[in-house]
Amino acid sequence: MMETLVYIALFAPFAGSLFAALFGMGKRQVFVGIVASALLFISFVASVMLAIYVVKTGTPIHVMMMEWINAGDIRIPFGFVVDQVSVTMMVVVTLVSTVVHIYSIGYMDHDKSFNRFFSYLSAFVFSMLVLVMSDNFLGLFIGWEGVGVCSWLLVGFWYHKPDQPREVNPSISPSWAANEAFIMNRIADLGMLIGIFIIYWNTGTLQYDEVFAQLPYLPQWILDAAAIALFIGAMGKSAQFPLHTWLTDAMEGPTPVSALIHAATMVTAGVFLVIRANPLFAMTPEVSFFIAALGTFVAFFAASMALVNRDLKRIIAFSTLSQLGYMFAAAGLGAYWIALFHLAAHAFFKALLFLGAGNVMHAMHDELDIFKMGGLKKVMKWTYLYMGIASLALAGIPPFAGFFSKDAIIETAFNEGTYVLWIILVVTAGMTAFYSFRQVFLTFWGDERYKQYGIHPHEMYKFVLVAMSPLAVLAIIAGFFQPWFHEFITTLLPDYEMSHHTHELILVLTAIVLAFAVGGIALAYKMYAKGLKRDPKVENSFIYRLLANQYYIPQLYEEMISKPYAMISEALWQKVDLKIVDATVDTIAKFFYYTGDGVRKMQTGNLSNYLNWMAVGGVALLVVAALSAVIG
Amino acid sequence: MYETIAFYLFSALTIGLFLITVMSKNVLYAMTSLAAGMVLISGFFFILGADFLGVVQLIVYVGAIMALYSFAMMFFDATRDIKERNTNSALVFALGGLSALVLVLMFAAPIYSENIKALYPMHESIGNAQDVGIVLFTKYLVPFEVAAVMLLVAMIAGIILAGKKMDQSLTEDLSADDEILTTKDAK
Amino acid sequence: MLQPINVSLESLNLITLAPMLIAIAGGLIILIIDLINEKLHKSLYVMLTLLILFIDFGAVLGLNVNERGFFDVMMIDGISIISQLMVIAGSMLFIPLALTSKRFHEFEYPEFFALFLFMIAGFQFMVASDNLILIFVGLETASLSLYTLIALHNRSNSYEAAVKYFTMGALAAGFFAMGSAVVYAMTGSIELYQVAEVLAARMSGAIEPVPVIAVLGSSILLMVAFAFKLSLFPFHTWAPDVYEGASAPLAGYMSVVPKIAAFVVSIRIFGMYIDLGVEWVRDIILVLAVLTMTLANVMALVQQDVKRMLAYSSISHAGFIVAALALDTTEGNTAIFLYYALFMFTNLGAFAMLWISRHKVRRFNNRYDHPYEKFAGMIKIVPMGAVVMGLFMLSLAGVPPFSVFWGKIYVMQAAVNAGYIWLAIVMGLNSAIAAYYYLKLVVYMFLKEPVKDVDTVYYNISKPLMAIIGLATVATVAAIFYVQPLISYLYYMISASGY
Amino acid sequence: MENILSILVFFPAVAGLLGFVVDKKSARAYGITVAAIEFLLSLWLWFSFDSANAGMQFVEMIPLIPDFGVSYYLGVDGISLFIVIMATLMTLIGMMSMSIKENVKNMIVTLLFLEMTMVGVFVALDAIIFYLFWELSLVPMLYIVGAWGGPLRVYAAIKFFLYTFAGSLIMLVGLLFMAYVYHNLTGVWSFAITDWYAMVLPVNYQLWLFAAFFIGFAIKVPMFPFHTWLPYAHGQAPTIGSVILAAVLLKMGTYGFVRFSLPMFPDASVMAITPIAFISIIMIIYTAMVAYAQKDIKQVIAYSSVSHMGIIMLGLFAMNAEGISGSVFQMLAHGIVSGALFMLVGMIYDRMHTKEMSKFGGIAAVMPKYAVIFGIMTMASVGLPLTMGFVGEFLVLLGFYEISPIMTILAGTSIILGAVYMLSVLKKTFFGPITNEAVKKLKDLTPLETWSLVPLVLIVIWLGVYPKPVLEPIDNSVKAMLTFMHEKAITPEAKEIIKVPQTIMEVK
Amino acid sequence: MIGLEHYLIVSAILFSIGLVGVLRRRNLLMLFFATEVMLNAVNIAFAAISHYYNDLTGQMFAFFIIAIAASEVAVGLGILIVLYKKYGSLDLDDLASMKG
C-alpha cells in the first residue's frame, strides 16, 4: 500500500508531464493545465499521506523499483526511500508545485506554448522527486541532472527572444541564460560525480545507508575529498559563490518557474544534499566549517547586490541566494534540521513572493523595473497583501515563518562561537529587511510612476489568488510548527540543541536580530515609502555601481572565461587542427607526391641517361656492397 | 718470350683500336678499328691455344658481323662525321675509370686457384677443334641448338623488321570508326 | 686419341627437353603454315599458339621433380617446373588478347606467334638450367624475340621502346657475360652447383681463398644484369617507356612472365651467394628492394597515364617481390611465385581493360593512349567495366580478399618470419602509398563525370577479350579459395628442390 | 541455425549482388526490405544468444588456407553482439531516412556491401578475416563519400581511405608477427584470435605488437593526432555516409582494442594506460574546444564524435569491468546518438542546403518535432542520466577513476565541454528570433523521417533507463576477458592493475 | 711470363672502354659498336681463364657469346632500320618522346 503511494507520489507528475507533452505542440488547451495540476495535487496528497505514515510509525519506507546499472561490481538500482527528510522535501515540493501549477494556468494563459510549459513543469517536479526520494547517490544524480535539464528548458522557455547586449538586459536572452545555468551546473556536477566516484571506490556501493555505515572506517582525507567534491556539486545547484551568476540570469524564465525552481525547490537541492549526506559532513569538520563560512559570505554578498537592484525578480533572486547562504551556514555548522526547516519555510514564503512578483509582472505587462512601478497597492490589493506577508517572513519579523527559521540559524552561529559569522548574518538580516521592503515600497507605495509608461495594471485572476493562499497561510504559520518539526526530523537527522549559554542569551540575541530587521524596514520606509527619489551622486558612486553590476563578476566571467575559451577554441581549430595536425598529414602526402615529381626527372626519356643510370647503379651497388662487407 | 711480346703488342693495339672505336666521330673509322681490334682479339685466342675460337672469331665477327654493320652503315648513310651532343664526359669517364679500376683490382687479385680441377679438360694429344667439338656436341648440344633457335629468331626478326610490311602501320591506320570519332572530337 | 663417345639415350633424359621442343616445334609449324598459305586470319594462329602452349603445359606437368638431362645441362627441379608452368600459363592468358575487334599491326604477322613461342621456349630454357651458358642463351633468345615483338606494334613509340629496351639489354648482357667470366675465374666452372661447391671450399679456406673483391665484383655484375631484367631501381628506367611504347597486352605480359624467369635465375644465383654467407648480396638486394618499391611508387603517384602508372606499379611490385628474394627462405621463394601467380591474373585483367579501351587515335591527350581522363565517369558508360577495373585496382592496392593481397601478406609474413620486420613495415607503408594512384583511377572511374561522349571506352572489345577479363575477374575475386592449394603446391615444389 | 553468423554476413552481400538487377525505382524499397530482414536476423541472433555465456557463441570454423593458418572463423560474444545489431539497425534506419535522389540503386547496393563488411568485422574471429572485412569496409565508404559527398568529396574520400589504409597495413604487420610468434611457440600456423589469446608473450613483444595494432586502430578510432580525416569525411559525406561512419565504422577501432590489444597484450596495455589516457584526454578536451569553434553544424557533430571516442578509449584502458563494460556500452550509445544527430543534420541540410549555423536560428518554432528529437539526442550526447549516453559515460569515468583520479577529473570535463558546444549548437540553430526568411518556410519532419528517428529516441531512452539486457551480456564477456587478462599478465604491476571483478560469473 | 692476370686486366680495360663507349655514344650505331667491344673483352677473359684452368668451358662460353653478339646485331640493326625509317636519324637524343 505504502509502496503504491510512493509510486503515485513519484509518477503522478511524470504522468502529468507526458500527458501535457502529448499536446505539447498543439494549441493551448486549458484542460492540460488542469490535468497536470490535478495530478500534482494527487502527488501532494500521496506525499502527505506518506508523511503521516512516517510521522506515525517513524519508519522509513524503502522501495526497490528495478535494477539500473549493473556492471563490474557496481550495482545501482532505482530505489526510493521515504524517510523523514525526503518526506519533508516531498511535501514541500509537491505543495509548492501544485500551487505553482494552478498559478501557471492563470499566468500562462496567453502563451502559445501553454501545454509545453506544463509538460516541462511537471517533468521538473518528477525530477525533483527523484532527487529527494532516491536511496542512492546516483539516483540523486539522476534527479540532479533532471532538474537541471528542466530548469534549462524552462529558463529558455521563451527561446525566441533575441540576444541583447548586457547593458540592456543583464541576462542577455532566455536561451543564453538557460545555457549558462546548465553549463555552470555541469561544472559543479563534475565535482558531484567525482564525489560519487570517491565514495564508490572506497565503499563499494552508492546506497546511502551502506555508504554511511562504512564512513567510520575510511581515512580522513578520503572523507574530506568526498565531502569537498559533493559540496562542489551542491555549490552549483544552490548557486553558491563563485557559481552563483546563473541564478539571477535564470530569472529570464517565466515567473512561476522562478518561484518553483529558482526559489523553492531546485536551488535548495544543494542544501538537501548536504543534509542527506550529513554523516559524511559531520565527520569532516573543516569542510563543514568552510561550507558555513561560504554560506555566510554568500548570504551577505547576495544581500548586498539586492540592495541596489531595480529588477523585481532579480531582487528576489538575490534574496534567494542570500537565504541559501543561510541554509548552508546552518548545515555547515551542523544544525541540519534547522537548515531543513529554513529550507521548507523559505520555500513557502519565497514562492509566494515570486508568485506575487509574477502577478505584478502580469499586471505591468512584463515590466520588471521597480522604478517604473509604485502605488500598485490600490489596484492589486491581494497581491500587495501576499507580498507583504512574504516580505515580512523574509525579513524575519515575528510571527512569520522566516523569523523562526532564520533566527535559529543566527543563533546557531552564535552558539558555535563563530562570532564573525554571527555578526555577518545579523547584518545580513538587516540588509534583507531593507531590500525586501525597498521593493515592497517601490512597487506598491508612493507615486504611480507606471502611468508615465501607459500601463494599466489589473489584479490577477481570482482562482490564482485563491491558489496562492495556502502559501500565504504557511508563510504566516509555518514557524509555529518548529518544535513539532524538530521532534519529527531529529529521529533521522542529528539533533542540534543550543548550549545553555546561548539559551540564557536567547532573548538578547533575538532582540539584536529583530532590531536589525526592523531597522532595515524603517530605513526602507524612510527612503522609499513616499515615492522614488533618485540621487545621481549615490547612483554614480563606486559602491553603487559595483553592487548594481554584481561586482562585475558576470563581466569578469565573460572576459576571463567565455571569451578566452572561444578564442582558444577558434585558435585550436584554425591554428592547431588545420595548420598543424592536418597540415602535417597533408605535408607527408605532399612530400611523397613531390618526391615523385622530383624522382621522375630521372626518367628523361633519353636512352643515354638511362645507360648512365645503369652504370651509376652498378657503382652504387658496389659501394653499398663494399660498405656492407666492411661493416658486416 | 714470343708470347709475351705478342701479348703486349696485341694488348696495346686492341686497346688503342677500341679506343678509336669508342672515341672516333667517324663511323667508318670506328667500324674499321672495331674490325681490326676483333682481328687482334682472335690473335689473343691463338696465343691462348683456342685456335678454333680464334677462327670463329674471325669468321663471325670480322666476317659476318662487320659485314652486317657495313650494310647498315650504307643504309643509314652514316659516312659523315657524327655530331654528338649533351655528353657528360666527366661522369662517363669517371664511371668508366671507376669500373676499370674495380675490374682491374679484382682481376689483379689472386683469383686463380691451382686446386680447381678442370671439368672439361683440354687434351694435349688432340687438336683444339676436336676437343671443342666433343664438348660442344655432347655437353653443350642443347645450348648449341638453342643458339640455333636464337639465330633463327634473329633472322626472322631482321627480316620482318626490315620488311616492306612494316611501312604501312596497321596500328595507326584509321578505320571508319576512328574517323567518326576523330571528326566528333574535332567538333 | 679420340675415343668414340657412347651416350645412351636414357642417360640423356630427353623428356626434360620435351616442353621446350614442343614450343619450338610449334613456332616452326606456324612458320610453315604461313609459308603454305599466307592469307590466314590471326585467330587461327592464336588458337594454334594456345593449343601448343596447352601441350607444352601438359608436358611440363608430366615432368618429374629433380631430374637432370643432357649431361646435366637441363635441370628440372621444383622451381623450374613451377616457373615453366607459370610462364606458359601467363602466355596462354595473354595471347588471346590478340583477338581484338580492331586490327593492330603485330597480330597480322604469323611470325609474331612464332616468335612468341620461341620466346617462351627461351624462358623455359632459362629457368630449366643451372648452366650459365644455357641461361644466357635462353635469356637472349627470349629477349631478342621480345624486342622484336615490341617493335612490331609498329609506331614510333614502339620503336623507341624497342631501342631502349634493346640497348639497355645489350649492356646488361655485357654485364652478365663479364659476371659469368668472373665466376668462371673464381671456380673454373659455370654450372651453379659446381660453382657453389668450389666457392664454398675457397671461402671456407679449404683451398686457396678467393679474393673478396672478386666475389664482390661477380655478384655486382650479375646483379646489375638481373636488376635490369627485374626492373629494379635504378635499372628500371627502361620499363615505363617500354610499357608505354608496347601494346597493352605485351606490357602486361612483360610485367609478369619475363620477370618470373628472371626471378628463377636470381634465386639460383643470388640464393647461392646468400647461402654461401655473402651477406652483402642480401643487403644490396634489400637496398634495391626498398628503393625500388618506394621510388617507383612515388613516381607512379605523379603519372597522368594509366598504362605508365601501371608500369611503375609493376616496378614497385617487383621491388616488393625482390625483397622476398633477399630472405632466401623457402617461404620467401614461395612468396615470389605465389605473388606472381596472383599478380598475373590481376595484372592481366588490368592491362586487358586498357587494351579494350585502346584507340588508334589519341583522343584525350597528345601523348598518352590511356590518360586518366579517358576513364572518367566510366561507371556511367560501362558500369560493369568500371566495377571490374575497380576490382583490379583494389587488388593491386592489396585490398583483401582480392588476389594480390594474399601474395602481399605472404611476402610480408615471409619477411616477418625471417626477422625482417622493418621490411614488412616498409612494405606496408609502400602499399599505402601505392593505394593512392590505384585509387586515383578508381576515383576517375567512379567519382568523376565523363570528359567526352560516352562511346569512348569499350572500343576494342571482343568476346574473347571479355572472356579473358571475366576469367581474370573470377581469379582475382576468388583468390581466397585457391590460395591454399597454390601455396601447398608451390611450397612443396620449392622445398623439394632445396630452395 | 548454427550458421546464422554466415547468413548475417553474406545475406546483405548476396542481396547487394542481386540488387544490380532490381529496377532503379524499386531499389530503395528493396534495400529497406533487405536491411530490415538483416536487422530481424540480428535480433534473432540476440534472442538465441545465451546471455549467461561469456564465451564465443555461434562459432563457425572452416579452414581456408590451412598451410597459412587462415580459416573462416566466426563467432560472437557479448561485446560484439550488440555492435552487430547496431550496425544492422543503423543501416536500416539510415536507408529509411535516406534523402538521396541520384543513383539510388548504386547507393543501396553499396550500402548492402558495406553492411556485409561491417557485420563481418565484428563477428570475425580469424585475424585475417577480420582484416579482410576491415579493409573491405573502406571501399564502399570511399564510394559513398566520393560519389554523393560535398564539394571536397574526392579529397575527403581519398584522405579517409589512405589514412586508414596506411594505419591498417602497420597493423597487418603486427598480425603477421603475431602469427609468426604463434608458429614459433606451437609449430602451427594460426590466425585464430582465440588461439592467440592463449599465448603469453614477453613484455617487449607485447609492446611492439601493441604499438603496431595501436596505429591501425588509433587511426580508425580516430585518436588525436590521427583524427583529421574525420572532419573531412563527415563534412563531405552524405548523411547516410556520416551516419554509418560515426555509428559503426569508428567502432571498429575501439572494438579492435577490446578484441586484440587488451586480451592479447595485457602487460603492454597496462603500460600504455598513461599515454593512452593522455591522448584520450587531449581528444576529449581539445576536440570539444575545436567543436565549439565550428561554424558548420555537421562539423560540430563530427568533432564531438572524436571527443566521445576519447571517452570510449579512456574506458577501455580502465582495466576494470566497470570501465570496459561502460566503454563498450558507450560505443553503442555513441553509435546511436551520433548517428541520429547526423541524420538530423542531414534533414535540415536537405531543407536548407546549408549547414552553416549562422543561417539558422529559431528553427524550434517552425520545426518543433525536429527540435524535440534533436534536443533529446543532444541531451543523450551530453550524457544526461536516463539516456543511453549517461550509462556509458558514467561507467567509463567511474572505472577510470580507479586508475587516476586526476585524469578522470580532466576527462570528466567532457560533461562540461560537451554541454558547452552542444548547447551552443542548440542556441544558434533552434533558439533566438528567426532571421533567415528561408527558415520561416521550413516544414517539420515528414512521417518517414519521424518514424526513422523515433526508434532511435526510444532506444536511447530505453537503454538509458533499463540498460540491463544489453549491459549484462557485455559485462559478462568483459569480466571473463578481465579474468583471463589477469591470469595472463606476467608483470606484477599489470596483475595488480588489471582488476578482476569480485562478482565473476562462472564461464560456462 | 704472362699470367692470367695480364689477360684479365686487358679484358677489364677493354670492357671499361666498351662501357665508356656505351655511356658516351649518342649515335645508336656507334653505341652498338661499343657493346661489341664489351662482349669481345669478355671473350678474352673467357679464353684466358679457359687456358689457365685447362678447361674448355670458357671457350664454350666464348662461342656462345659470339653467337649471341651476332644475333643481337641482326635484331638490333633490324630495329635501327625501322627506327631510321621513322625518325630519319640514329641520334638517341632525338628519341625521347617518352619520359616522366
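To keep things simple, chains are lettered A, B, C, D and E as they appear, and every chain counts its residues starting from 1.
Keep in mind that, in the parts below, a residue touches a chain if its C-beta (ideal position, glycine included) is under 8 Å from a C-beta of that chain, and two chains touch if they have at least 3 such contacts.
No experiment lies behind these values; they were computed from the predicted model shown.
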| item | value |
| --- | --- |
| Mutual neighbours - chains that touch chain B and chain C alike | A, E |
| Most central chain, Cα average position | D |
| Winner on C-beta contact pairs when A-B is weighed against C-E | C-E |
| Taking each chain's C-alpha mean as its centre, the one farthest from chain E | A |
| Centroid distance [mean C-alpha coordinates] between chain E and chain A, Å | 96 |
| Whole-Å separation of chain centres (CA-atom averages), chain A against chain D | 36 |
| Gap in Å, rounded to a whole number, between the CA centres of chain D and chain C | 44 |
| CA centroid of chain A to CA centroid of chain C, Å | 78 |
| Where chain C touches two or more other chains at once, by residue number | 133, 137, 140, 144, 147-148, 151, 154, 163-164, 167, 171, 178, 185, 188-189, 216-217, 240-241, 302, 436 |
| Chain B: positions in contact with at least two other chains | 86-87, 91-92, 95, 99, 102-103, 106-107, 111-112, 116, 118-119, 139-140, 143, 147, 150, 153-154, 157, 160-161, 166 |
| Shared-contact residues (touching 2 or more other chains) in chain A | 589, 600, 603, 605-608, 611-612, 615-616, 618, 622 |
| Those chain pairs that satisfy the touch definition | A-B, A-C, A-D, A-E, B-C, B-E, C-D, C-E |
| Touch list for chain A against partner chain D, complex | 24-25, 66-74, 138, 141-142, 145-146, 149, 152, 156, 159-163, 173-176, 179, 182-183, 186-187, 189-190, 193-194, 196-198, 200-201, 565-566, 568-570, 572-574, 576-577, 581-582, 584-585, 589 |
| Complex contact set, residues of chain A against chain E | 600, 603-608, 611-612, 615 |
| Touching residues on chain A, where the partner in the complex is chain C | 589, 592-593, 595-597, 599-600, 602-603, 605, 607, 609-611, 613-614, 616-618, 620-622, 624-626, 628-629, 632 |
| Touching residues on chain C, where the partner in the complex is chain D | 379, 394, 397-401, 405-406, 409-410, 412-413, 416-417, 421, 424-425, 427-429, 431-432, 435-436, 439-440, 442-443, 446-448, 480-481, 483-484, 487-488, 491 |
| Residues on chain E engaged by chain B in the complex (per definition of touch) | 1-21, 23-27, 29-30, 32-34, 36-37, 40, 43-44, 47-48, 50-57, 59-60, 62-64, 66-75, 77-82, 84-85, 90-91, 93 |
